[in-house]
Each structure stands twice: as C-alpha cells, then as structure tokens.
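One structure coming up, written as structure tokens, with questions to follow.
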Amino acid sequence: MLGTGLIGLFYTTTLIDRRSCDSIRVVYSRTEERAKAFARQWDIPRYTTDLKAAIEDPETDVVVIGLPNDCHEEAVSLAAAAGKAVLCTKPLGRTAEEAKRMLDMVEKAGVFNGYLEDLVYTPKTLKSLESVRRGALGEILWVRSRETHPGPHSAWFWDPRRAGGGAIVDMGCHCVEIARNFIGKNNRPVEVMCWTDTLVHPIDAEDHGIGLVRYESGAIGQFEVSWAFRGGMDLRDEVSGTHGTILLNHWLRTGFDLFTSGSSGGYVAEKVETDTGWLFPVGDEVQALGYVHMFRDMLDALDEGRPPMETFYDGYVVNAVIDACYRSAKTKKWEPVELDYWRADSPTPRIKLNANEIDGKLLIKEEYMPDGTIKRIFRDKESGDISQTSVPAP
Amino acid sequence: MLGTGLIGLFYTTTLIDRRSCDSIRVVYSRTEERAKAFARQWDIPRYTTDLKAAIEDPETDVVVIGLPNDCHEEAVSLAAAAGKAVLCTKPLGRTAEEAKRMLDMVEKAGVFNGYLEDLVYTPKTLKSLESVRRGALGEILWVRSRETHPGPHSAWFWDPRRAGGGAIVDMGCHCVEIARNFIGKNNRPVEVMCWTDTLVHPIDAEDHGIGLVRYESGAIGQFEVSWAFRGGMDLRDEVSGTHGTILLNHWLRTGFDLFTSGSSGGYVAEKVETDTGWLFPVGDEVQALGYVHMFRDMLDALDEGRPPMETFYDGYVVNAVIDACYRSAKTKKWEPVELDYWRADSPTPRIKLNANEIDGKLLIKEEYMPDGTIKRIFRDKESGDISQTSVPAP
Amino acid sequence: MLGTGLIGLFYTTTLIDRRSCDSIRVVYSRTEERAKAFARQWDIPRYTTDLKAAIEDPETDVVVIGLPNDCHEEAVSLAAAAGKAVLCTKPLGRTAEEAKRMLDMVEKAGVFNGYLEDLVYTPKTLKSLESVRRGALGEILWVRSRETHPGPHSAWFWDPRRAGGGAIVDMGCHCVEIARNFIGKNNRPVEVMCWTDTLVHPIDAEDHGIGLVRYESGAIGQFEVSWAFRGGMDLRDEVSGTHGTILLNHWLRTGFDLFTSGSSGGYVAEKVETDTGWLFPVGDEVQALGYVHMFRDMLDALDEGRPPMETFYDGYVVNAVIDACYRSAKTKKWEPVELDYWRADSPTPRIKLNANEIDGKLLIKEEYMPDGTIKRIFRDKESGDISQTSVPAP
Amino acid sequence: MLGTGLIGLFYTTTLIDRRSCDSIRVVYSRTEERAKAFARQWDIPRYTTDLKAAIEDPETDVVVIGLPNDCHEEAVSLAAAAGKAVLCTKPLGRTAEEAKRMLDMVEKAGVFNGYLEDLVYTPKTLKSLESVRRGALGEILWVRSRETHPGPHSAWFWDPRRAGGGAIVDMGCHCVEIARNFIGKNNRPVEVMCWTDTLVHPIDAEDHGIGLVRYESGAIGQFEVSWAFRGGMDLRDEVSGTHGTILLNHWLRTGFDLFTSGSSGGYVAEKVETDTGWLFPVGDEVQALGYVHMFRDMLDALDEGRPPMETFYDGYVVNAVIDACYRSAKTKKWEPVELDYWRADSPTPRIKLNANEIDGKLLIKEEYMPDGTIKRIFRDKESGDISQTSVPAP
C-alpha cells in the first residue's frame, strides 16, 4: 500500500476490514511518522519511507498506488521494473503523455495493471451497465455524470503543478470514464467542448468545469464538476437511451434521511457541512463508492489471468479526453481527442433509428389520444413538409 | 383567446376554471369547427376564424396569443394597432429579429405586453427566486435547467420553418429564461456555446440540444433539452451559489407515486408512456406548470399599471440567446449574444469571494477534523505554493 | 369570516388572493384590535366583535367559521337561525354529540353546510381519489394517513377543555376522513382500536396517537398523529389496494430541496425548526394544503345547488370515530363506532378476491421464474395442505 | 450450510462470493438433487441429505441454519449436541416455547449462538443505531417498521402449521427486532396490541398485520406487514425521538430509477411485478439486506470470543412478542408480553422531558414569530389553564 492519505485509508479499509483472504504486508508513506501510525492502526507488519523497498518487498504481490498525481509515474516505473502487478489510483497521469509512458512501462514489462476508477464499480453502476448491455435502454444517446463537493481534503490537490489541473483532473476523470462505460468502450471519443473557470477559490486551477465529449456514434458524454458545491457531495449519473432512462443518485439522496436538533449534546453525526437539521448519511461509504467491487474485480482478475474491467489503457484514454478539455477551455472551440493508441474491434456506427414509413411518408410520432384515436405526425421525404392524421385506435 | 390547441386549453383552464373574476369573451381558431367546439366546451360567447375580428372585438381587453410560432407577429401587430394589451406565448419570435419587431410594435403603440413564460412562475420557482433575492444562496454561480420529453404534440412544432427550430426553440427558451431569472436580469448574457444533433427523429430540426450561456458576472446558465427522453416529462432546475444550493423537480418526482397492475379494467391513469407499473402523476398540472401564478401576475400588473415579471423585452433577450446558440452549434465555438437593446441599470461585477488572509497567505479551505483540530490549506500570494497547517479547534 | 388566527388567515388568503369573484365583506374576531388589523390588511369593508352581527350582516351570504373548537356550535346555531349557508372548519365538534347537534341545526334550518376538511382536497388527493374510483388500485385494503409536527401554534389547542382533546382531535380528524374517502363513504366504520400517550409536553391531552379503524368491508384506516415530531411537518398518505398502491408526500419531500449555509446575512428562509442546512420548502402552501380546491368545491356547490364533497354529516361521522378512539385508549380494547345516523345506500360487502382454482385446488401464488418456468403454489380446499408445482411458461 | 432455498442462496452468496477467508465445506438439503446442484454451483466439496452428518462433519465449525421454521429445533438440537457454533435464521422458533427450548439447548451446551436477523445489520440501520447511541435523536419515542411485498416464494411459508403463522411470523419478526434495537434492548416490551386479517389470499394464516408494542419507557414499536402489497417490496423504518427523526428506505426508493419501454427485445431487468416502465432496482441486494455485515459480526464475534449483536436470546424475546400479538388479535385487547427470561441490567425509566418553568408556569412551546417576537405557551401547574405571552426576541 503506497500512501496513507484519505485514499490509502479507503483502500485499506476495503481490503482488510471484511473477513478478507487478502492482506497488506507493507505500507509506504513519505513521512515515517504517518507510515508508522498507519501500520499500527491497521496491523500491517512493516512500514517504510523507501518507495523502492516497499515495492520490492518479497511479500508484495500487488502494488497499490494511492499517492498524489505527481508520484504515480515513479511508483509505476519501480513496480514495472520489479515485475509486480500494479494498481494505480485515478487519474492515471497528469497528462495523456505521462499516462502513455506508464501504459508503455507496464505493457513492456508484461505486468498486470489495473486502473482504480472506483465509481464505475458502485453496485448501482454495475447493475445499470448490465441493464444497458441487455438492451433495456436501447442505443445510448446521452450520459450525464456529475461530481461536485466543496473541495478536496489534501493540500496537493489545490496545486495544479502537482495535480495536473483542478476539478476536472480530480473529478472529471471519474465522469469521463463512467460515461465511456455506458456509451461503450468500443465507441471512440472524437472531440470535446469544455468550459472552465475559477469562480470561488483563490487558486490557479479551475474550480468549475463542464464538458461535452462527442463519441463516434453521435452519443454525448457530459460531465459537470465543481469544488464549490454547497450541501455535501453530489454524485449523480443519468443515462438516456432510445428506449429507456437511468437516474442514479449515489450520495445525497439514497433513502437515508436524518434530522437532528443537535441539542442532546456531544458529537451527533458525521460533519457534512452542517451537523444539525436534515442530514443525508450514507450507510457503507466504501461500498457506495465502489471500492469493494473494484478490488474484488481487480484481485479476481489477477487470480484468473484476465484483465480487470479498468486497465491503464482506460486511464490513458481518460487523460487524452481531459487534455482535449483543457485545450478546448483555452481555444473556446471543440477540440479533437488525440489518441496515439485506439484499440477498438471495429468502428461504432452512427446512432440510427429507422423511422417507420407509411404511404411513403416517415412517421415522426404516434400518440394515443384520450378520445380513442391515434394521432400520427408525418414528414414527407421529398419536401420535408409535416402533416398529421387521426385514425381510430385498433 | 387566440388558439385552441394544447396551449390554448391550458390557458383557458387557468383563466376560467377557478371562480375567477376574469372571462374569455371570444375565441379564435384557424378552423371554424375547432373554434366552435372550443367555445361550446368552455362557454365562451363568441368564436371566429377572423383574427382581426377577434382582436378588435369590443369586449376584448387583453389579447392572449396561443398560436404557432409563425403566427405570433401578425397577431401582435394587429393587437398593437388596436391598442389592446397583449400576452404572447413562448417563444416570442422565431428569431431575435422577429422578436425585436414585435417588441418595437408594442412599445411604439404603448400597449401593455406580457411574455407568457410560465415556467418562471411555478410556485417552486417563485419561492426559490425569493430565497435567492434574500441571499440564501449567496452569489449565483451556476444554474442548470432541464426540459426533456418524448416530443411535442402538434405537427407544426416538428417543422423548423414554422417553429423557428427544434427542441431549443421549443423548450430551451424556458431554460434560458429560468436561468436568467436566477442569475439576475441585470446580468448580461455575453456568449454561448451550444451542441445540437438530430439523433432519433426523422426531422430537419435538432431533437437534442445542450448549451452554456456565460453571463457578465462569470455565472453560467446551462440548458439541456431533448425530444427523445423516455419515461415521461422531466422538468428540473438546479441553482448553485456561493452559500447554498436549490434542487427543483417540477414533474417526475414530486411526492406522488402510484403503482397499478392495470388489471382491474378500464382506463386507470393518465398515459405517461405507460399506464401500468409505477406512475408519477402531478396533482394540479396548470398550477405545477406556473399558469395560475403567471396569469395572476399578468392581469394584476395590468390592473395596477406596472409591467409584469416577464415582458416582450425578456422574450427578445431569450431569442437573442437562442440565435447565438444556433450559430454556435454551426461554428462549433463560443458565439457572442448580439443584443441591440440591453436595458441594465448598471454592469454586473465579476463574481468575487474575498479569500481570508492569514499571515499574508490566502486561505483556500478550512476544515474541522474528527481529531478536534482545524486543518487549513493556504496559497502563497507570490509563489502560488500550497501549504497546510493544523491548529487546535477553539 | 369568523376568526383571524392562522386558519382564518389561510382561508382569507385563499378566498381573496387569486383574482377571485368572491369577496369577504365582514370579519369577526373576539378582540377589536385583531379584527381591525385583519380588516385593514385584507381590505375587508367591515369588522366586528359581535358574532351575531357578523353573521346577520346583509352582505354575508356564506358564514365561514375559523374559530376555536368550543366556539363552533354557537356560530353554527346563529348561522342556522339566520338561514345563512355555513362552512365550518375541522373538527366539526369536540364530540359526536356536539357535532350531531350542529348537524341537526343546519338540516332543520335547511341551510347549505360544508365541512372544511381541506386535506381531502389537496390536488394530489383529488387526483388519487379519481384513480381509485377508476379502479387503478382494485379494492382498497388499507389506508395509512400520517400527520405529525412539533405542536400547534395557538394556546387553545393545548387545552383539552376547549379543543375537545389533543393531537387526535386536532389532526386525527384529517386522517380519519382521508382514509374514509379512499375506503368509500358508503363503507361503514365499525370499530376502532387506539393508543394515546403524553410523552413529551407538560399537558393533559395526548401528544401522540395511533389508531386503527376497521370498516364493514374489512378495510383498515390507520392514523398516526404526533405533536412531537422533529424536522418540520410530515403529511403523508398511503393507499394499498388489491391491484395497486399510492404513496403521497404532501409536505416534507415534494421535489423542492434548498441548502443554505445561512452565512450570507439576513432572513434566508421560512423557519422550519432550522433555517440553515437542508430545508424543504413548499411552493404554494394554501394550494398544497387543499384550501384552493376546497373553497372552489364549496362555493361551486352552493352556486349549483348540490352538496359539496364534505358536509356536516361527514364531520359528524369523523367525531363519532374519534369518540370511539378515546374510549378505546381508555379501555385498551376495540370499541364500536356509535353512529345514530348512518346514511349508506347499501351495505358494503366483505373484500373478496376469488382465488383461481386449478384441478380443485386454490391458487395462492403464481410466479415467473428466471429459468423460464412458472411456479404455482396451491392450497387443498379440504385439508388446507399447501403444495407447489412448476410448469413451463407459455 | 443447512438449506438450499432462497435464504440458503443469499447466505451462501454472502459467505463465499467476496474474496472471503471463510468457506462452506458441506451443504445439506432434504432432496439429494438440490443438494448436489447447489454444491456444484458453489463449489462446495460435500453435500448430503443427512442433517446429522452435515452438522457433525469434521470440517464444520459453524452450523448455518437456513431451513423452514419447523426444522430449526431439530437442527439446533443436533448442533448443540455436537458442540458446534450455531447460527439460525429468523424467526428462531414458531412460538416462544419452541424458541426457549432452543435457547436452553445452546446455553446448556455452552455453544456460540447467533440469531440471523439480517435487517438490523443493513448499513443504513447500523449507522442509524450509532447516531441514536450518540444522542442525535434524544430519547426514542416511536419506531415504525414496515415490511410488505406480494407474498413469499416457498410453499411452506403459506402453511401456518409449518411456519407458525403468516405475515407476522414471517416479516413481523424483523420489524419487532428493528424497533427493539432502536428503543433499547434493556427496555422491556410490556404489552402489545395487534390486528390481523386474511384479506386477499385463500389461506388460513394472516396476510396482513399491524401491531403496537409498548415498552417500559413508554416508547412504542409499531410494525406493519402485508403479503399483498403491490409494487415490489417495501422496506422502511422510521425513528422518532425527542430531538430528531430518522427515515430509512431500504428497497423501493434508494436513488436508483430505471425506465425501460421494454421494446428493445430480450430480458431487460429483474422482474419486480413488472419489467417495463419505471423500475427501482437495488445495486447489491445482499448488502442492502444486511447479510454482509451480519455474517461479518457473527464470525468476528466467534473469533473474538464475544457474543454477536443478535443471539438466540433476542430470537426468544421476538417470539414472545409475536405470541402476544397473536393472542391480542384474538382477544381484541392489549395483551402482556410473557417473558420467562428477562435479562436487563436495570429497569428503563419512563420517557421524561423536564418542561421549563417560568414564573411558576410550565412552558409548553416557544416559537420565533416573523414579527421578531417570541410567543410562549404556558400551563398553570395547579389549574391546568393554558395561557400565552409574547416577548421581544433577544
């Protein structure tokens, strides 16, 4: 386990705290004090401030990277050199170029690699992806993914030199990959349009970002991120298809409402901006954030000799989309997604619903009316003229 | 009452059906049959297929235009000529140019004019606007307005020559004006970025559109419209401010859930794509859509000699924003909003939160930690370096 | 308008504030100061502290009683004597005996009488009742009605001598009549079981009550009331039928969520226990509480010469049910509902679903299994033995 | 693992399917075919139709009973005789007498015993219990627990001779124990009032039940169960305290909404009565139902030598409450809960909020008014008279 911050804590909780057959044998932190405290808290046999030593530890089978963004490449490079399986937190790199170097390292070394994009692994997302694969929504038209909260916990996130950017590189990476999973990993992200601004915080990086990613099929992946949302953390996804719709609320409204006047003394609830009034807790946070199913897939995949659902290649594609976003935010126009590697089986065709034809006219809409008739709206193929008829319902 | 389609029906229901002191004296439709049936159904003394006659009818004090988009200008022109108060449905024009001509007509004639933008009048929106004015949300950063459904009822909507466009001109006009009300009517819409596509229907107009409108203060008004949403009608608005958040769901989830197996025979529920399984009815539709409070404001304003909340000028601004959207969808870049008239009291300053300074460093974030300390993240004003300290909580 | 308290205020807002053809000509209050202030605020021509004078005022066509419970009978008696139409707030009486006297008065005098039970008139309830009448839910089995809040505003409510009881007489009267509307007004309430307690407040009346009302058909009307609920006002109804379900949330979760940090100064939101954090406002309160549709029905009924949906007779039945509740709370057993008047067209038969018979066995359940078979569970009519078979799905 | 029905399946999924350090070594079923198929599916080394052999298997450390209610006692008796730890599904017995015999067996044999009441272990419930313990809700007044669905899957549930009753013994056992956890296990359940009826199904057992359980402190635990609910499964709990409220929705509305027109072919979604229209899936069912945290606690408790959160003693108390419910349903009055064993540290005092006294009067309510004053309602301690004052807010 590399890293003892919030993300290292979530990963460790998930890996250890569940009657698991897996264990953490050595933990690395940049400061000895934190490494030691973390090892003690979680009953980890060894701790170290030597990154190389942690990775090369003979009991280390899998290297789990939970470090700041600017430390990923070095850790991946050491893991690849040591021939160890490596799981890296999101985003993979600060730029597509950095991500590509990491991808090349692990592929050249032939080591197992997993991209720890937890939010595609939430139980709700996994079940939704299954429904989409079964055709419940028809063809996917539009996916909207939102992650907003009042800003990250650690200092380095706020420094674009270390993080690679602001809210987009921090949270947009989730949104981009969630949309890509729904729209199809075979469906090439073609171009992006993105707005960013720094509206609230005294920082150089963006604290707001909205982006549209257009895919080969015509589908749109939309993301919205903010480090200035008030009211807690808002994690929502929406998927629109030709035959159905999915609405997911992962955090703020999940069927758990608590009101407290806060007047009975003591610490009463986790602090979500406020600790009185109506609060919306989450039952099991590591589960709701996808960590449980993510590590299960990663480690099962390693055991079974198959790639996991998310690999470094996916991390690289996400970085390439984000790079295009930052370019678009500057040029103020759509920018192409530049991908040196694109690994699709085949091109994805344009979204197409074949309109019914009746008497040589295209049927636009058919509606059952309260008076028992069917109203049909047509378009003449030649003239483009719109007409309307009413027939008795069968 | 000009028009006997769905919108004429909603307007009439609202005006008559509530022990009102107002009454409809003459109804106009393009076909005699519909005019007659409508008059009979609603107990309206006179009906006609002569637009001018309806407007000039001596009992007509107020002309209410519920006609297709390409018929607005003629009706406004006749009403202005007759010196009658005129209320026109949304959108005002098909283009800003057309809207400007209508605005000029009513202002030159000095007649009372109201823009029937119902969705800024829903009880939830009115109460939200009041909270925003009182400062509950601080400065507004971002408004997101969504209107999606499976497509309009009348044939003419689908013909861009008559409607002026597709989903954006039909529904985006609502979203633009909702955002503008929250962000502030004094806050100039500067430029827009917009994506449109025709993904599902065999038509020339767009059936999907997403747009960002950047205002003078830096605030963003975002709209999302679709004529291909599955699952009913989705009307939602979200407002983010520096100190708060509002989430409005006007239609699909309002605390009214009905499940029916549909097996007890007969017509069981209004048809919202399906009529079995879980349905989400709306108690009083004309109220939920804002018609009740809209006509109250319009007619009270007329009685009191003040302008209503929404005038032709607002309709013109909306059309100017939409024109810029269509340009942006073609040029694939941000396009300026071109306004011949801009009637603000004063420029709106850039959104600005003054960051606290401690020892010459800007405070980015302050957080109470579970261990009883306060964690503070700072930015050095010169170097931009990010640092972090921990102090005991008071 | 008799009464200038909260209820008089709600009634007046509803009657006047909506471009109405109705007007209030005289207002009565027990103190001159309040009568005068109220008249001034609402532009009412006359005010008085003389109950008889208000009722006999020549411009008074309809007497609206918004007085404390112990003042209803006198006002009704004067209105009946004056031959005026009379609308009385809920509960009609403090006891069934008192309610019966009032019912007798208006019926003997032959005056129009309406029972102002607003909560059966909320738009959601009216639309639900319509769905139930159409058969969307099949036969009604169980209605649950909940009204809980932190306690009433006026002092007299807390005095059981004046109010006739506590939370049950205050709010249970709503719940009983809501359930009765869904279960059917022809369906006799037979017996009740009720628990009450005074858990929180230093009062003689109950601040909590839960009751079950068993109807002739076997259906159950359940109510839950509390004067000690934390988190605002909770108004929810649930209806279960053999073929469907309705869930109504009238107040606390209606698609309007507002978060405010409360730090931008000034009064930011209506006080619902708290004024910071997550708040759940209601757009148009008088509409959501049913006042608008209630007065429309009452006054339309008067104009049309038909009885309104709720009459004094209904108020009397409700009082009789409540009397039985208070008896049951004391005897700790089911108590019969004693009705001197029961005006049903015919007895309501016992709820009965005819179970399908297959090969002489009663079918209990049929379920489509994932493996493509149908599982059927049977009961042998003689022995009562349960058995199970599996057949291929058609 | 004893039993291969739905409950055996849930238990097995939970125990095996999560990179667990635990394993199932032998499975028992009454029919060889099912035992064999189950063992094959889940990779369990041995299967048997010999209950004793399964329990005495040398690799069996823990006996998990997932059998019909009438088979619990025999399995417990064999496990106790074999000195094996034993975990038994709910309800423990069909009657308190049966449950008491099982409790005596395991306690006499000194074996570890766990009562598999999963619903007190859902992540939402566990976190809620923690908030309650911390005082977020003050003293608990009222807990309402609801479990309703269209009826159980297996035939034996419908036979009261085998199940011990109907919906109450099947689902009320959950509700009773959920309420007991919130109200406090030290708080004696004193008496119950219960209604049951068979409204829909052709069976001898009740398909509906509503009960009130009064505890020593005055708190009320309310349950509502039905085998005839339409619309899926409804699992909700509500907790009211003197200072707060919790609302839990475990199944039907958890932030996962899916609409499908069902027209894109094939099996699209799990069948929840319907498979088109709006569906409300659950992400990870075994987690949402509490199985994951239940087995973690049970097996951790065994490893750590402490009792689990739920033991056979709790199962016995639940059966005693249910016995009283069935008596009450017959006698139509409150019935005492008869407990041969009651293991509380000390009696629980009556709920008591000390009302503030001002000038010798008890303060009933204090409210901040919009006009800046504080309204106070008092009760005179001697006369019981209610009065009211208004003072300026500080």
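Going in written order, the chains are labelled A, B, C and D, and every chain counts its residues from 1.
Throughout what follows, a residue touches a chain if its C-beta (ideal position, glycine included) is under 8 Å from a C-beta of that chain, and two chains touch if they have at least 3 such contacts.
Quick caveat, the model's predicted, so the values are computed rather than measured.
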item	value
Superposition of subunit B upon subunit C: rotation angle, C-alpha, nearest 5 degrees	180
A-C or C-D - the one linked by more C-beta pairs in contact	C-D
Maximum centroid distance from subunit D, chain identifier (CA atoms)	B
Cα-centroid distance, subunit B relative to subunit C, in whole angstrom	36
Centroid spacing, where centroids are CA-atom means, of subunit C and subunit D in whole angstrom	32
Separation of subunit A from subunit C, taking each centre as the mean of its C-alpha atoms, in whole Å	48
Per-residue overlap in subunit B, given as positions that touch at least 2 other chains	137, 230-231, 242-245, 259-261
Contact set on subunit A toward subunit C in their complex	230-232, 259-261, 273-274, 276-280
Complex interface listing, subunit B residues touching subunit C	18-22, 122-128, 131, 134-138, 242-250, 253-269, 281-284, 287, 292-293, 295-296, 299-300
Residues of subunit B defined as touching subunit A within the complex	137, 141-142, 144, 148, 150-151, 153-156, 158-159, 162, 193, 195, 197, 199-204, 208, 210, 212, 214, 218, 220, 222, 224, 226, 228-231, 240-245, 271, 331-334, 351, 353, 355, 362-365, 367-368, 375, 377, 379, 384-388
